[in-house]
Every structure is written in C-alpha cells, then in structure tokens.
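In what comes next, chain A is part of two complexes: it sits with chain B in the first one and with chain C in the second one.
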Partner chain A sequence: MGEPVLEVEHLSIDYVVGAGRFHALTDVSLRVDPGRVVGIVGETGCGKSTLARAIPRLLPQPPAEVTGGRIRFLGTDLLSYPAWKLPFVRGTGIGMIFQEPLNSLNPAYRVYDQVAEAIRIRRGRDASPKDVPRSRVEPFDYSRGPPPVSTSSALAHPLTVGGLAARSAERAKSARGATWDEALDFLRLVRINDPETILGLYPHELSGGMRQRIMIAMALSGRPALLIADEPTSALDVTIQAQVLTLMKELIEEVRTSILFITHDLGVVAEMADELGVMYAGHLVEYGPVEEVFHHPRHPYTAALLKSSPRRYKADGALDSIPGAVPNLSRLPTGCSFHPRCVLARPECASDPGPPLVPVGTTPGAPATHLSACLFASDVEAPP
Partner chain B sequence: MGRSLTDLAVFVAKRLLFLIPVLFGVIVITFFFTHVAVSNPCAVWFPRAKAAQLAQCAITFGLHQPLYVQFFKYTANLIDGNWGNSPAGVPVLPVIAVALPATLELVLASLVLMVLIGIPLGVVAAQYSGRLGDHLVRIFYLSGWATPTYLGAVVAAILVGPFLGLPTGGEYTSTPPPFAQVTHMSVVDALLAGNLPWAGDAIVHLILPASVLAFVNMGIATRMTRSSMLEVLPLDFVNSARMKGLSEFIVLYKHALRNALISTTTVLGVTAGGLLSGTVVVEEVFAWPGIGSYAFSAITGYNFSGTIGVVIVFAIGVVIANMIADILYGVLDPRVEWR
Partner chain C sequence: MAGSGRPPPPAAPVDDADAREPYPGALPPARRSARADAVAATADKVRRGVVSFLRILWANPLSFVGFALVVVIAVMALLAVVAPGLVLLYPPNQLSTAYHQAPSWAHPLGTDELGRDIYSNVVAALPIDLAIGFSVAGISLVAGGALGLVAGYWDRPGTLGGAVSVTIMRLADIFLSFPSLVLALAIAASIGRTVDGAIVAVLVTWWPYYVRLARGEVLSVKHQPYVMAARAAGVREGRILLRHVLRNVLEPLVVYFTMDVGTVIVVISTIFYVVQVLPYPSATPEWGSMIQAYQPFLSTYPWMVLAPGLAIFVTVLAFSLLGDGLRDILDPRSRRAQAEAGSAMLVRRAEE
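And now, the complex of A and B:
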C-alpha cells in the first residue's frame, strides 16, 4: 500500500464554551491510503465536521481544544506543525470542499480570480519547492472533458460593469495566458460547458450545483494529495445532488487523489468509498471496508442506521428509526455512549465504555481491517 | 436599474437633483435663524456708530425690509451666483473658493488616516475578538470617540505637538510660499511647483490637525469593521480561501475584509460629511486657513452671508460624501445595483 496519506491517531477534541466542555471527538483513529476513498457517516452533531476541519487545522482555538492524539499527513505531524507554515500544507497538500456552495465562494470576486489564485499558488510551489509535505501522487490528467466551446464574452455582455470587466478580461487574456487556459481546463474537468463565460461571472450569478462544481475544480487545481469533502452534496437539490455525485464518482476514477468523504447519507458512501467509518457522539464506532460494513455490520448503531435508511424493496413501507435522541456532548452517558438507545444493551454497557476499535472478523475470510467498538460485536445482526 | 455605466450616471444625476431640496431647506433654516436671532446687527458691526449712521447702515444692508423680502433678495442673488458680502464688503464666494480646498485637503488627509489605521485596527480587533488585542483596540477607539474635538485639538496643540516637535499652526512654516497656490491645497501646490522641501513642510504641518480629526472620528470605522468582520469570518469562503493555501494576511485582508468593507464604507461616507463641520474647531486651533476657521469668524462676526455660504458648502459636502459612499458600495459588492 505504501505510506498512508493521512493517519489520525487517538484524536480527541473538546469545545470549551464558557464553563461548559463538549467532547466533540473522542479517541478517533483512521487512516487514508494513497488513492483510497474513506467515507465517514454519522448523524448531525456526531463530530464529522469537527474531524474534517481539525485535519487541516481550520478549527478556531478557542473554542476548540485538542486534548490528545496526532494527525499525521504524509508522515508530518500537523498538530505540532508551526501555524505560519500551515498555508504551505493547504491547497497543494490538503484540499477541501465545503457543505454550503452558497457561502464557500467569495461573493466579491469573479470565478476566474478565485480559481486562478489556487492555480498560481500551486505554480509558485512547483517552481520553488519548500520543505513541506506535498502530493506524492503523479499529476493527474485534468485536461479531459468536453471539448472547448468558444464564445466571446465581450459580445455576451452589454455595457455593464460586468461586461466591461469581461472585456478587459478578454484583453488581459494574452497576458495571463497560461493561468487562464489552466482555469478553463479545470472547469472542463468538472464538466462545465462554456467555461469562458463562467470564468467571468460572479458567484451570485451561478446556481448552487455550478458553484459546487467550481469549488471542486478549485480544490483540485491545487492537485492535493488529500481531498476532504465535507458533505459536498447535502445542501443541494436532489437532482443536482445526483449530478454532483456522478461527477465526483467519475473524478475519483480520473484523479488518483485520496479522499476523505464526509456525509450523513449512507447511499452516498456506498457508491463512493472504499472504506467506511461510522461515527456516533464523537466516537468512531465501526470501521472497515465498505462492503463488509454494509453486509456484516458489527456495531448496533451501524445496524440501526442501515435499518433506518430508505430501501427500495421494503414490504410494508414503514421506516425504522433509532429510539431516543443524539446525546448532549457535554453530558455523554456513562459507559458506551450509545447504550441508552441500543437494542443489545446489557447492564455492563452502562459502565464499560467498550473496547477501542478492535478487529471483529468473525465471518470466515473477513478482513482483519473490519473494526468495531462494541462489547458484543458478534451479536449484531445484519438488517435483512 | 442595474450595474451599467448608464445606471451609474442616472444614479449620480438623481442624487444631484436631490441636492436642490436639501439646499433650499438648509438655506431657509440658516437664513431665518441668523436674521431672527439678530434682527439688526449694525450695532454689533459698527459699535461706535451714531444713531443716524446705524439707520443708514440698515438701509445699505436692506435690513429695514420685511424678512421675507430680504430672503427673496438673498435667494435671487444666490441663484445669480452672488453669495453676498461680509459686513466689511468682502465677497463671500471668492473667500470660500480659496478656503474650501484647504479644508478638503485636511478632511481627505484625516480620511486616509482613518482608512489606513482605523480599518486595520478593526480587523485586528475581530481577529483577537474577546482577547487582549481586542480590548486594547477598544480602549484606543473609545478614548478617541469620547474626546470632544476641542479638547483633543487643544491637547494636541499644546502637549503633543511640542513634545513630538511637530508644528501646531498654519499650512507652511512661513507664508506666502515661493510658488503660485493653484489649487490652494498646501501639499498639492508644493508638489505641482516641484518644490519637495516645501511639500515636506506642508505634510508635517498637516500631521497634527489631520490626526486629531481622525482620532476623534475613527471609532465608528473601527467598530463597524470589527463587527462586520466578525460576521464575515465564520463564513465558509474564508475557510475555502485558507484551504487554497493563502497566508492568513491575504485571507483576512483580501477575502474577508473586502466583504466587511461594504458596511464600513457606508459609515465612512456619513463620517466624511461630519468631518467637514468637525474642521471648524480643529482649523481654529491649528490656524488652518480653511472653511472651518472662516465659518468660525463668520459666525462670531455676525457675517450672515458668510455663515449661510459655509452651511451651503457643508450641506453639499454631506450629500456628495454619501453619494460617493453609495457608489463605492456598488463597486465593492457585485450584487448591489445603483438605484
């Protein structure tokens, strides 16, 4: 497999708000190998986004406080990395796609300015490499995609400030040449028709799906070794969601970047991920190859989650739900956090926090990479 | 309505038309206040005049006529381009035309200071919100805000100026300068004449009055920048800028501040109008030959035409400053349409 791109070891993060202390992440460990897609699922508030933002050190401290663990990116410990050097890891090392395409592009700048910024940063680092962890992945072929559609943006705009800008953009095109062409390539990579026009527009002139494509293009244009996608489709309409998911699936084939894919949608991970981690109340409760976790869940929470997701062929049409509610992170239940809602719970579950993730390969031939944090992992029944 | 240059032209034209009712209101109020407060200022103008001379004075200045007649005469003259004379017979308009540029220079200099110091302070306060940096900035701008202009000006002139070795009066060390005062802006004139030593001298003379004006008025810019930065910083585009690999400086000042500036600009427009009238005290203290010290002498000398003239100029200044702020608003935010 080679050296892992990302290793998170026993990471614990609290939020300190006033006198309260919320355990957002408790003892989370995972690893992303080169070219692999690792999915993380869980309910809202289970710590997924905290994990996503903790890795490139985007969490503001305070209120966040790392209480233990390590984050190793290409062998470098990011938690002890000097803050002033962090920008050198971001973009070209770790790229990120956010949940809200409405907010993730700067409303004050045109699409070109925002994409070009990312491209220029990567060029600068290619030209004068610094001693920082970077992509060890071969540069991917980003120039595929639909053939260029040539339109003159000057004709497309009447006498507007935007039109003037587009026209001056036209004029400056020869000057910026290579960056402009590369920005076009990245827009084509994410299947945007007429990228010339789109580059001259402001984010508010674009639809949510289009903005998310541009976000993806922007993140990929740094050619990161690791791409973190934090619920990239949750804020989109269902039809647009499907389009963006299809796009991402195709890109995973084309672009051999490692991906940490965070979502609350089991269907999405099933299609995308190689490995799957299930989170509950800040804990990683089950981890393993996607097929294994889906067909042989070894944690009652995973099983309950699978049962409660809509399936195409369900006889009575009723949907199961997990009893109870997600616990308050400042007052987690004693023992296993899930025991008050667990169908398998026994008295010892209220006192014993359960094992850290341990291999549970009970079925013959099951990989040793399938891990569960349940005391009674072998009692879990797969949903029909 | 939209964002084209024609929209901008229509917008400016509308705002300038809006000036007419504003000016009319301002003239009516100032005219009646001054003339009702002192119905016959001849005795003040010429304290040693005899009764017959005073009667002659009232006739010369038209003060014996009913107030509305005086008002219509004044307004008719104004529309003709005659802004009236001072009691000593000096025409108002040429004096204002020379004094206004000096004041504009002072106001622009203090605006530059407010933008270059006040706005970054707001960014720092937001960056360290709730921590030491935030508190220090708050102490600084609140102490400016709480200082009355006259106190700040006097303290700067008697304590700060001598302590720092800065000049505390006038535009140049000696007057008149050895070059033509084309624009009546001290620094600009010296630069136009290519006289660098005098330009430097003019800048040194600008420092104290401009700093006092800026210090007293800066608080609102800092406060607005801080609060709108606090609104912008949690938005995802700030993090997506960080995730491109940009340095924190670029993230804050290019991506976050650009969006936070929109509300700061509005406030700066309002403040810039207020700065004009704030110059009255500062110019008097620092012997700045601007419209502020002219206003002071016009009011204390019962120079009615001069007073109304100054108020007209201030009103135009306020309307234009707000108009510029609204234009900038559209330049900064591509979603805003000029209407």
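And now, the complex of A and C:
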C-alpha cells in the first residue's frame, strides 16, 4: 500500500465559547491510504465538518482548540507546521469541496477567473517548488497531453511599435489560451456541456448542481493528493444529488486522488467508499471496510443507524428511530457517550468509557481492519 | 428576450471566434494581420463595455439623469479651467454698471451689487468646489477604506492584528464622537483662512466614516463560504483580502463615495460660508462665500443668493442619483445587460 496519504492520530478538538467547552472531537484516529476512498457518516453535529476543516487547518482558533493528537499528511505533522506555510499545502496538497455550493464561488468573478486562479496557483508551485508535502505521483490520468507550446511569432513581427504591441497582445492571448484550454479540460472532466459558455458566466447565472460541479473541477485542478468532500450533496435537490453523486463515482474511477468523503447519507457512502467510519458525539465509534460495517455492524449505534434507514421498512410505513437525543457536547454522558440511548447498555457502560477502537475479530473471517469502540461488540446484531 | 432586436453579442471566448464557422458553408473570414485582430478585439471589448453600461443606466431613468448631470457638470468644470471663454459669458469678477439686474438673456442669473454676472461666477466656482469634493472624498475613500479593510480582516483579539484593529477603531470612534461639522469648523478656524486648511479640516472629520463602512462590510464578507473556499484552495491571506474580499466590499464603498462627493461640497461650502476662507470679492469665486456675500440681498433681490444655492443643490442631487445607478452597475447580480447577453447567447447556442 505504501505510505498513507493521511493519518489522523488521537485528534481531540474543543470549541471554547465563553465559559463553555464543547468537545467537538474526542480521540479520533483514521488513516487514508493512496487511492482509497474513506467515508465518514454521522448525525448533524457529531463533528464531521469539524474533522473535515481541521485536517487542512481551516478551523479558526479560537474558538477551536486542538487539545491533543496529530494530523500527518504525507508524513508531515500539520499541527506543528508553521502557519505561513499552510497555504502551500492547501489546494495542491489537500483539496476541499464544501457543502454550500451556492456561496462557495465568489459572486464577483466569472467562472473562468475562479478556475484559472486554482490552475495558476498550481502552476506557480510547479514552477518554483517549495519544501512542502505534495503528492509525488501524478494523481490524475490525463487523457490529453500538456497544452502545446505556442510557437512564438517574434520573427513574423519586425521590431516596430505596432509589432511590439501585437506581440505582447499575442503573448497575453497565448498565456490566457493555455489556462483557458486547461480550464475547459477540467470543466469537461466534470461533465459540463458547452464549457466555453459556462466559463464566461457569473456564479449567479448557474444552478446549484453546476456550481458544485465547478467546485469539484476547481478542487481537482489543484491536482491534490487528498480530496476532502464535506457533504458535497447535502444542499442540493435530490435529482441533482443523484447527478453529482454519479459524477463523483465516475471521477473516483478516473482519478487516483485519495478521498475523504463526509456525509450523513448512508446510501451515499455505501456506493462510494472503500472504508467507512461512523461518528457519534465527536467519537469515531466504528471503522472498517464498507461491506463489513454494513453487513456486520459491531457497534450498537451503527446497527441502530442502519435500522432507521428509510429504505428498510418502507412496507410497514413506520420508521425505526433511535430513542433519546444527541447529547450536548459540553456535558457528554459519563462512560460511553452512547449508553443512554443504547439497547445493549449495561451498568458498566455508564462508568467505563469503553475501549478505543479495537479490532472486532470475534466473527470468523472478519478482517483485522474492522474496529469498534464497544465493550460488547460481539453482541451487536445485524439488522435484518 | 429584450436583446433580440439588437445584433447578438459575439461568443464569449473571442480567442477562437475566427476558428468556428458562423454557419455551414460560410465563407472563410477575411485574413487580417495579428495587429488588426488585437486592435479589433480591444475595440470590441470597449464597445461592449460601454453598451452594457449605457443599457443599465437607461433601465433606471433617475440614475441616467444623474449620470447626464454629472457629465455636464464635469465638462463645464473642465472647460471653465481649460477654455473659460466657451462656458463663461464674462470673465469672473468683471465689474460693470449693470447693478442688480434680474435674470435676462444677457445675464441668465442676473447681476450683483457690483455689476458682476452671477452665472459666470457660479460656473467659475465649479472647478474648485468639485476638486475639493473629489479630493476629500477620494482621500477618505483610499485611506479610510484601507484602514477599514485591515481593521476588519485581522481583528482576532490577542494578536498583533487585533491590537492594530482596536487602535484604528477607537481612533475612528474618537473622531466620530464629535459632530463632524462643528469639529471641521473648529479645525478650519484654528488652522487659518486657507483653502488647504479647510480641506484638512474636513478630511480629519471625514475618514472615520469610511473606516466604519469598510470594516462592517469586511466583517460580513470574510465569513462568506467563498472566502474559506479560497483559503482551502491555497490562496494566501493578503491575496484573499485584495482579490476576494476587497472586490466584494468595493461596491458599497464606491456608491458611498459617489454620494459623498455632494455631501463634502455642502460641508466645504458651509466652512467657506462661516470661516470666510475666500471672502467673496476674491480671485476665485466659491459658492459658500457667494451665498454669504449675497445674503443681505435675500429679501430685495432673491435670485442672487438663489443661484449659488441652486448650483450646490443640483451638484449634490447629480452625485446622489449617479451613486444609486452605480449600485446597479457594480453588483454583478443586477448586471441586467450582462445577464441578458448571457441568456441571449445560450438561446442562440440552443438554436444552433
């Protein structure tokens, strides 16, 4: 497999708001290997977006406060990385897709200007490499070669004032032309019809699905080693969601970038991810290959989540739900934070915080990569 | 669409416009030199910019009036400096024996107690009032806007930026706590009766408004998702501020600046009126001083004081109306002409 692209080790993050302290992330560990897609699911407010933003160090501090752990990107610890160097990691090292496609494009610039900015940033770093972690493998399978070097027409124009003006205009045009062509390529990559027209439009003239496609194109145009998609489809209509998801699924096939895919939709991760992590109240409670987690959940929260998924009990009309409510992150329950709502809870669950993620290993044939944070992982029943 | 009557705009990427055939079987475009191409492309860009600008102005008649008035005022001010003979009927301050004439063809705004033509003096005062209005508002826009950008963008408490931000804002608050006109009058009176002194006096009281406006706008823009998206794309902080934040706070700042030119003219006239910087029979006429000089004749010859008063009124009105129109032009979402052009293009593509 080689060196992992991303390793998060025992990461804990608090939000300090006034006198209150919210434990947004507690002891989260995960690992993204090259070319793999890791999905993270969980309810609203379980710390998914905090995790997504903490990795490229985009969380404003304060209010956020890292209380422990490490984030290693291509072997470099980002938490102890000098702040002025961080922009050089973002974009070309770690790319991001946000959940608000409607506002994630600057309303004042045309699509071309925004895509070109991302392309130019990468070109600048290619031209003068800094000592920052970047992927050493080309994350992309480019069907087209690099844009042809435009032949200078210097000889065609004698050294007159008009000739100089024409030459500089031509140079500007060819410089723009290369970026323009590359922007077109990236728009075609995300299946946008008529990219020539779209590049000249303003974001408000585009639909939400188009904007999200352009966000994806911009994130990919940095050719990052790791792409973090933070609920990329949550703000879209269901039909558009399906289109964008289909696109992302196709892109996963074409692109060798590793992806951390964060969502609250179990169906989405089932189709996309290789590995799946389940989060509850800032804890990663279960982690393993997506098939294993779906068919043999080893944490009662995962089992309850699967059971309450709408597609299972359509015939009965009634949906299962998890009793109780998500705990307040400033006053987490003692012991296991899920025990007040857990069907398997026993007295010791209220005092023993349970093991950190440990291999389940009781089921015959279960891979050692399937981890659970439950004391009674072997008692969890798979939903029918 | 409304754009259908006009010739359709050229396709967006002008680069390869020649490469496509406009319709099947079309003759190949005439060969032109690269120079002619570059010139034609630039001319085309300029033409399209002007057309869309005028179209937006035309959509809002009041802002068109404001724009037209500002153009007339600017041309008259320019001519009054460059070629006074074209806009002035008489040289400024020329005495005659026609005292206290009512408005007539020979003297459109009448004459004063020394037989000077009031119209000529009002127009001769235009350049100085306009120059002061623009310089005070312009310096405030640049200086106050820059301070407000910095104060709004790096305002996290406990950092160097936070300390700078607090210093800037408290300083602005100190100046804002005085009524600006009173403070400006006091400063102008203490500096002495010079035009430069009056400008400095207004400037001192003027910049904090821009700091506040810019900071408030930056505070709302910097939390927009597109700013975080730019940060996530690897754009550095200084560039985010200058490219992504500044561009989105520019619109309210420029609109405020345009309307402010008129306000500055009112305030500076008030200072000239009260402090007597240029007592009226001076080489350069000025509206505030003229009103002060003509005030005694208000009941007997009311048109005298009315003329400079109207000049101030029209100038302020023109800049206010233009400011309203600019808001439409600068906001990409209300660039109706652009949107029209875009949709017309889409329709055309669909037809093809």
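Points to keep in mind about this one:
Here is the rule we go by: the second predicted complex is superposed on the first by the 345 of 384 C-alpha atoms of A that agree within 3 Å, B and C clash if a C-alpha of one lies under 4 Å from a C-alpha of the other, contacts with A are read in each partner's own complex, and residues count from 1 in each chain.
By definition in this document, contacts are C-beta pairs under 8 Å (C-beta built on N, C-alpha and C of every residue); 3 or more make two chains touch, one makes a residue touch a chain.
Small disclaimer: the values here were computed from a predicted structure and weren't measured.
Superimposing the complexes on chain A yields a three-chain arrangement in which chain B and chain C clash. When the shared chain is aligned, chain C comes close enough to touch A:W180, but chain B does not. Contacts of A:G335 after superposition on the shared chain: neither chain B nor chain C is touched. Of the two partner chains, chain B and chain C are each touched by A:M218. By the touch criterion defined above, A:D194 reaches chain C but does not reach chain B.
In the overlay built on chain A, none of the stretches 8-16, 26-34 or 332-340 of chain C clash with chain B except 332-340. Under the contact criterion defined above, the residues of chain A that touch both chain B in one complex and chain C in the other are 56, 58, 87-92, 94-96, 98, 100, 103-109, 117-118, 121, 162-163, 202, 204, 215, 218-219, 222. The touching residues of chain A, counted against chain C in their complex, run 56, 58, 60, 62, 87-92, 94-96, 98, 100, 103-109, 117-118, 121, 153, 156-157, 162-163, 165-166, 169-170, 173, 176-177, 180, 194, 196-197, 199-202, 204-205, 215, 218-219, 222. The residues of chain C lying in touch with chain A in their complex are 11-13, 15, 33-35, 38, 41-42, 156, 224-226, 228-237, 243-244, 247-248, 332-333, 335, 338-339, 342, 345-346, 349. Of all residues in chain A, those touching chain B in their complex are 53, 56, 58, 87-92, 94-96, 98-100, 103-110, 117-118, 121-122, 125, 158-164, 202, 204, 215, 218-219, 222.
Those residues of chain B lying in contact with chain A across their complex are 2-6, 235-237, 239-248, 255, 258-259, 332-335.
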